[in-house]
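The data blocks that follow each hold one structure.
Two complexes follow with chain A in common, the first pairing it with chain B and the second with chain C.
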Partner chain A sequence: MPVILVSSDNQDFKVDKEVAERSILIKNMLEDVGESDSPIPLPNVTAAVLTKVIEYCEHHRNDPVQVPEETDDPRKRSNDIEEWDMKFMQVDQEMLFEIILAANYLDIKPLLDVGCKTVANIIKGKTPEEIRKAFNIVNDFTPEEEAQIKKENEWAEDR
Partner chain B sequence: MNEIDLPPETLDLILSHLSQQDLLQCTLISRFWNGVAEARLYSNITLSRWKTSSFRLLPALKTRKHLLRRFEVQPDQQFRIRETDLLDIFLDYRPFEGKHRNSSSENSYRYLPPSMNCFEDDTKTRPALPMTVLGPNRPRALTHFSIVGEFESGWMLDSIIFNLATSTLTSLKIEFYFGPSYQSYGIDLVKILETFPYLKDLSIGGYKHWYKPLTETEAGEPLSRKSAPTISTTISGTKRQYRLESLTFEPKTFMGPRGPDAHVFFERLGNLKRIQVNAALPYCPSPQDVRPWKLGRALQLYCPKLENIGVNGPVALWFFDLAILPYDKIRHIVSLAQESFPLNVSEQLGEFAPRLDAIYRALRLQEQMVDELLERKYSEPYFPHLTTLVLEKNHCLSAQDLISLGVQAPFLTRLEINQWPVSDEYIGCLYDTDAAAATAAKSNVRPLLPTGISEVVEDIRLRKRRVFSQIDLMIFLHHCSSLRHFSMTGPNIPFQEIIDRAFVPPISILLPAFNDEAAETGTPTIRSWACEERLETLKFGFEVSACDPKEHELVWKHLGRFRKLRSLHLGQSDLFSALSYGMEGLLEGEMSETLEEIRSLPGWWKTKDGRELVLWFAWSFPKLRVLGLAYDKWHVDGKRGKIYCAFLQDEEVKRCSIDRVFIEDAPVKDTLW
Partner chain C sequence: MTSSNSEAIAIPEILQNVFLHLDRPSLHVCARVSRLWRSWSLHVAWLVYSIPRQDAADFLAQRCVETNIINGASEKDQGTDSEGCPLTQSKKPSIVREFKKQCYRIQSLTVGSDSHSEMALWSDCNNVFSNLACALPTSLINLIHLRFGLCCLAHAPTDLTIFSDIITGLISQNPNLQHLVFFSHQQPSYRVLFTALRNNPLQQLRRLDLCCDLNINGFSHLLDLLAMRSKFEHLEQDHGRASELTTAGWDLEELIIRSSGSSSFEQFVWDSRNSTTPPRPVAVQKLTLFDFCLAVYVDEQGEDEDGDESERLQINWSVLYHLCRRFPVLKRLQLSSDIPIDYKPSSVNFENYIYDSLRDLDEFESDVFWHPEQLAMAMIKACPKLTEIDLSHHRELHPEDWDLLLQHYASQLESLSAWSVDQLRPQELVRLVPPSPMFIGQFGGHPSQKWIGLQELDISANSSIAPAIHMFFKFVPTLRHFKALGVPVKAHQLLGFDWVCTSVETLAVNILIPTQAWPEREIWRWDVAKDRWRMIGDDEDDHEYVYLGMDTELPFPQILQESGNGGRQEDSSSDSDSNSDVASDTDSETDSSSDSDTSESESESDTDSSSDSEGNSDESPASTSAELESKGAPNEAKSMKRLTHSMQIQTAICQQLGRLTRLKELTLEGREEYRYDNREWDCLHLTLKTGLDYLRPLQANLQKLVVFQLDEELCGQEEVEWIAQNWVHQDNRVWQDAFEARSGSSLMPPRSMDNPAATLGGEGTTPVLLCPQFRELCGVSVCGKQQVSALEANMNVAWLEAQCPHLTVEKDVTGNREVFFSGQYQDY
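Let's look at the complex of A and B:
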């Protein structure tokens, strides 16, 4: 049974219901709307991003529903990204964040997880300057502020 | 990247995958990143001497205390934290600047020496901490607070705890171990529970604390055994229940004429799911003073939701009512007690006959009692949700309860048992005899029986509990089918105890000399355990004869019956791990598909080539990742050790599918039993 999703730039996407329901937001909308065939508008997601999201959902359409896990030490699981997912996430950093935002909005937890882990992997081992460069972030600290923060947080260097 | 779009929760989710060092780098990127990263960095703080960062943390904490979520401090000789620092962090309170510490001005903060009388209520000597001086930056999101170690002033801790800005605390842990010898800390349990209505986890420990009396009104009349249930059960229905789900405490203070009453306290703890009772034996006075039945009864009455019970020390807990014996059963027991050995045997025993006779009868009576426990199915378990039971040294679990748990606890999945409970004498005093049974069995059925036997009969009649033996432990294992994790520490269980009774007439237990007659009744097999289908973790010690390879073979075969075992720990077993001793019996079932860990593998030196042993395991158990070989002084230490353990350095051993192959550490004397 196909469902029609409409991106913010008015492009239509036809997907199977099962695929669309990987998004909890869409799933709830479909339950509320019932048997209607009307297209579902997604004003926060552009066509380019939506294409990628649908690609992910198609590939993972048969995955079992995730059980909520302990969030106490997710650091342990950063390395276990599937190979397909890793290739899927090899996009420029702007698209990477767009995917994360879309996954957040559409409530697709596994995609959100993978996106966050990917960004975390980029951050690992870099200095602040390198991270700023990687993500085009502007430094809005004064040099004095920076020095003070560095001094106060010095203790975290030990482990 | 368009930062403005990224919500802080999402950035937090990204940062949740980073180590502390990486988080540190993130605090310097930009203001937005700094806010989210620091919130994460300061949310979970531990201060102790083991963490070198602790000393440098304090200045930073003073400006970031509002970020605290989980806080743990372990003050001791090497790591002293000043009380004023804690006041600053948690109450945002600093002593008034510029005045002398002991000035008598009302506005200055006075540090008074602690009261010399540790049992007196110290409100008189404690200076009132004016609420107006508490600052606005107190941590408002604190959920976990833990202080373990040495602390100078208990009353200051009270000031901190009861003045926290937030009542959202879900976990509180207080353990005092050291401190000035004249001082101990008075804990007001009810006040804690009232102040923190969302508290889920409370842990009190150390040996420097006492409990303040719970109530004044109800403490007047000492609750008698019979009256307690009737008074409280009618009222408890209307009492608001605390949300507490997990409690760790020492019952040493639910005792003595001065102490608070357990009933009053537990009445409101109907939501309790987990309880850990630590009752250190050296500090426990004589059983008569302890009134432990009060704790056991209170738990039975008020905490039916208990799922996890842990006991460290002699605490009377029981799990089932023992049914009152009807009159004819008592008669039957008495007649059993009067049977004697068959005549030909008595003749052969000669002068030993009377004494052995008595032992034999006592054994028969106990068997009879066990049979009765096994067939009984009608009484409701006290804790119908019990899944986990952990019994450490000096526990008081009785034989009757152990067997009943095996037969009737539907959800019991984890049992860890230290095989040596305290002595029989202690247990006998600890449990009250069933008052109802004593009144019901009014008829006096005590014909003249030899001493020793009459006591056993009387105990059975009055439903008195006794300490469990290895026989009872095996009966439990034969019947408990729900177990997933079973761990036993203590002396090894001898081979005789685990084989099928059909092959061992009772007489040969007492008289090994008669074994030759009994020997040819067929090849013995080991009686199967009810949990073979489900058991995932097993720790057990087997004792087998070094001279009889058959016994080893049978034990290995028995181990092979466990189909889902993931972890096998063989403790101090005497088994030999060698194919010539039947080790391939392990492969009989489906364990080869699930076994991931083997610890304390005994007798590994019997396989002449250690390399061969390891490779056999690697080949037979594809999922095996950890192989620990038992420590044996003779084969591991010194020059001999170098020869026997050389295979550990072999290339093929290092490259095989087992990640870790090693020799276990020598057992600490304490843990032997």
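Let's look at the complex of A and C:
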């Protein structure tokens, strides 16, 4: 049974229910609404981004549902991105963050993880100034604070 | 800055998620980007911290920061940082200072090591704690996970004192601990821990993992301590129903004990037998006892009450019996060895590995049995809620016990591990198999429709169970992990139907490929009266059973002579004509014996039927066989027929394997020219001529292929190229183009092998590595086969390794398959 998703710019997207339910948000909505043909509005997601999200969900429609592993270490790896996912994330930075925001809003954890891994890989190997430049972040430390922090953590950054 | 950029990065959950993928040095760089980034990066950086054993004194004791010499420590002892990287002594004070400043952020702390090999090295760290006193940072109070793996020398009382102070202090300062792992080789150490647990409520504790010698009374003391912490409430039930135990209060979900020592269980049994009060229940849902040894606690058994040593013992000598009585809300019970965790695929097969590892435990194999069904009944009564059972290598249960257990738990069982259990027979194991969907439809329903559904099954090293294996492929769709190492399954029992276990992620199976068209009937039928599967011939009154002589060669079932569909039946109801009386026994849904009446001549002539193997050359083995026969070479013709038949079956099996697209790990076993049951068997060869291409869909998820115990031929040029094309570089257009371009030339690496790199970060960014799913190929033989010499095999595999840098290839250079020393492949 297909589901109709409506983007913030009023574009309709008809997708299989199985694909749409890769989003926990949509899945819960469908469970609440029951059997209904009503389109589901997604006011926080533009058509361009929704297209990408649907493409991801289609590709991963048969993936098993991720079960959180019992582990004492919440840290994750960033060097195990699947080839398809890597190509999928070859977009400009604005689209990358739009996808991350959409995945966060729609509660699609695997997509959010892939997006965050991609951002993490951008960060690796950069200096603080390079990171600021890459993401247009304002340095709100005072010069004294910055010098103190640098001195304190030099040992940690040295590899 | 674009709005989406700032918005995304400003969301704490997203920022934390990004930081969780960074290592510590990168996190410390992020801590200098901005105040918001600093806050979250430090939070993530300090979530998990590890203090190596040689540095424990520096971090957790006083008079260690300013000097770089610890008593007895060598100047060359550099120690390691929290990531395990070597550090110079000059940095250690800074690290320790930072630790004490930031330790309030730590949620997961490891002190020392939890590795047995690491612990063995402790002996060289003499007097580590000498002249020091425990000095835990007062802000180390937010731990959720604690791994404590220190050891000290027994002859150094000061070491023991500070050791106990540290563990006691850590527990008392962290009331929110949820997971506690404790490793120690020193006998008094468990008392220190128990005292700390007794004096601190630790209401959030969910998992307790102990690896220490509990000595004689340790286990009993532990259970008493846990019982003291457990609170049960009796639910008010409906009239006529017994009250049900549930838990309230301290809910320790999981208890794991390793290397507890034999005397501890012995004393536990003795105490339990002689106790005059009812056993105090413990509110634990998951119990794991590794390295559990049956023999050790029966060593001191007395004679039974009748004074006759040959009679079976009373059940109250059983540790399992007493354990179940103490843990009434158990959902998972694991009393076995952690051998499967230690076993790495190699040329040593699993059965021999078990034998070598556990031979001493089998000393009491045939002697220590209780009366049949007693132990099972006690278990069912004491632990009715079990959903996961691991009684591998267990020797306490009769077949009748297994039958009772599996009958009772079938509806709720999610996981069963019973490797190397010699008293578990096929008749008992099929209790876990629901009736066929056709039967359920015919009778309008069956209680098995409400079963939870078995997800994990490990019955390796139980060769006698082989007749039941195919039933799981046929009727259990919920399986996700299935292991049957060393259990030979006849291939034609696996054909004639589509395997329903398409959700399986781990599969380990030993498949015998028939070289001739031998007759096979379905050996199971559903007994309506008894509501269970029954093996044909079990019941003496079963007049429908027809004995088939061993050497009688009847035509291969018609269904399997049809090519192109893996022998799959098109009409699932085609077997119903064998018994039209629905009130009597009903055949299974698909019956590979439905055409056992086909004449012998049809079998001979059908060897020329088209094969679905894509690797067939113009001169098919079938046509070659006919040609040889016509030339008066019957032996060669017969040999070719066998080859043809084997190839067809292999292809059909590969077709079914190719449907398991969720497979992540696949282990295949089998031997060619294998003589068994007066017949000669072949195995899967995994060549293009025998159906390898049907495994292409496994590219979706397959990570590991293990073929150590398989006489495969993956080392051929075509086969290694196929692996590279279809399991590694299937999405790599550059590689595919380069490979096609050199088509026809010798096996040389293409010039252009660069993976496309992500450049999201702009010029000069380190490219993201591509990691295809398929990472491990274990056991590919390089000893040379009929068509491929050893030199060629090695060259081909070397080419594959060069083409696939992320693929780990483990070669099998032995060339010989180990035979399990007692070769217990029984007739069936």
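One rule holds in what follows: the second predicted complex is superposed on the first by the 146 of 159 C-alpha atoms of A that agree within 3 Å, B and C clash if a C-alpha of one lies under 4 Å from a C-alpha of the other, contacts with A are read in each partner's own complex, and residues count from 1 in each chain.
Here is the rule we go by: contacts are C-beta pairs under 8 Å (C-beta built on N, C-alpha and C of every residue); 3 or more make two chains touch, one makes a residue touch a chain.
A quick note: this is a predicted structure, and the numbers were derived from the prediction, not measured.
J.: Scan A:64 for contacts with chain B and chain C and give back first, second, both or neither.
T.: After superposition on chain A, A:64 lies in contact with chain C alone.
J.: With both complexes superposed on chain A, which partner does A:16 reach: first (chain B), second (chain C), both or neither?
T.: neither
J.: Contacts for A:86 in the overlay, against chain B (first) and chain C (second): which applies, first, second, both or neither?
T.: second
J.: Figure out whether A:141 sits in contact with chain B (first) or chain C (second), or with both, or with neither.
T.: both
J.: Return the chain, chain B or chain C, that is in touch with more residues of chain A.
T.: So, of the two partners, C touches more residues of chain A.
J.: On the A-aligned overlay, A:100 touches which partner chain: chain B = first, chain C = second, or both, or neither?
T.: After superposition on chain A, A:100 lies in contact with both partners, chain B and chain C.
J.: Identify the overlap between the chain B-contacting and the chain C-contacting residues of chain A.
T.: The overlap between the chain B and chain C interfaces on chain A comprises residues 74-75, 77-78, 93-94, 97, 100-101, 104, 112, 116-117, 119-121, 123-128, 131-132, 135-141, 146, 149-150, 152-153, 155-159.
J.: Would you pull the chain B residues touching chain A in the complex into a rising list?
T.: Residues 1-3, 5-7, 10, 13-31, 33-34, 38, 41, 51-54, 56-57, 59-60, 63-64 of chain B touch chain A in their complex.
J.: So in the complex, the part of chain A that touches chain B is made up of which residues?
T.: 71, 74-75, 77-78, 93-94, 97, 100-101, 104, 112, 116-117, 119-121, 123-128, 131-132, 135-141, 146, 149-150, 152-159
J.: Could you pull out which chain C residues touch chain A in their complex?
T.: Those residues of chain C that touch chain A are 1-2, 4-9, 11, 13-14, 17-22, 24-26, 28-35, 37-38, 44, 47-48, 85, 91, 94-95, 98, 108, 145, 147, 179, 503, 505, 661-662, 700, 731-732, 756, 758, 760-762, 765-766, 768-773.
J.: If we count contacts the way the header does, which residues on chain A are in touch with chain C in the complex?
T.: 62, 64, 72-84, 86-87, 89-94, 96-98, 100-101, 104, 112-113, 116-128, 131-132, 134-141, 146, 149-150, 152-153, 155-159
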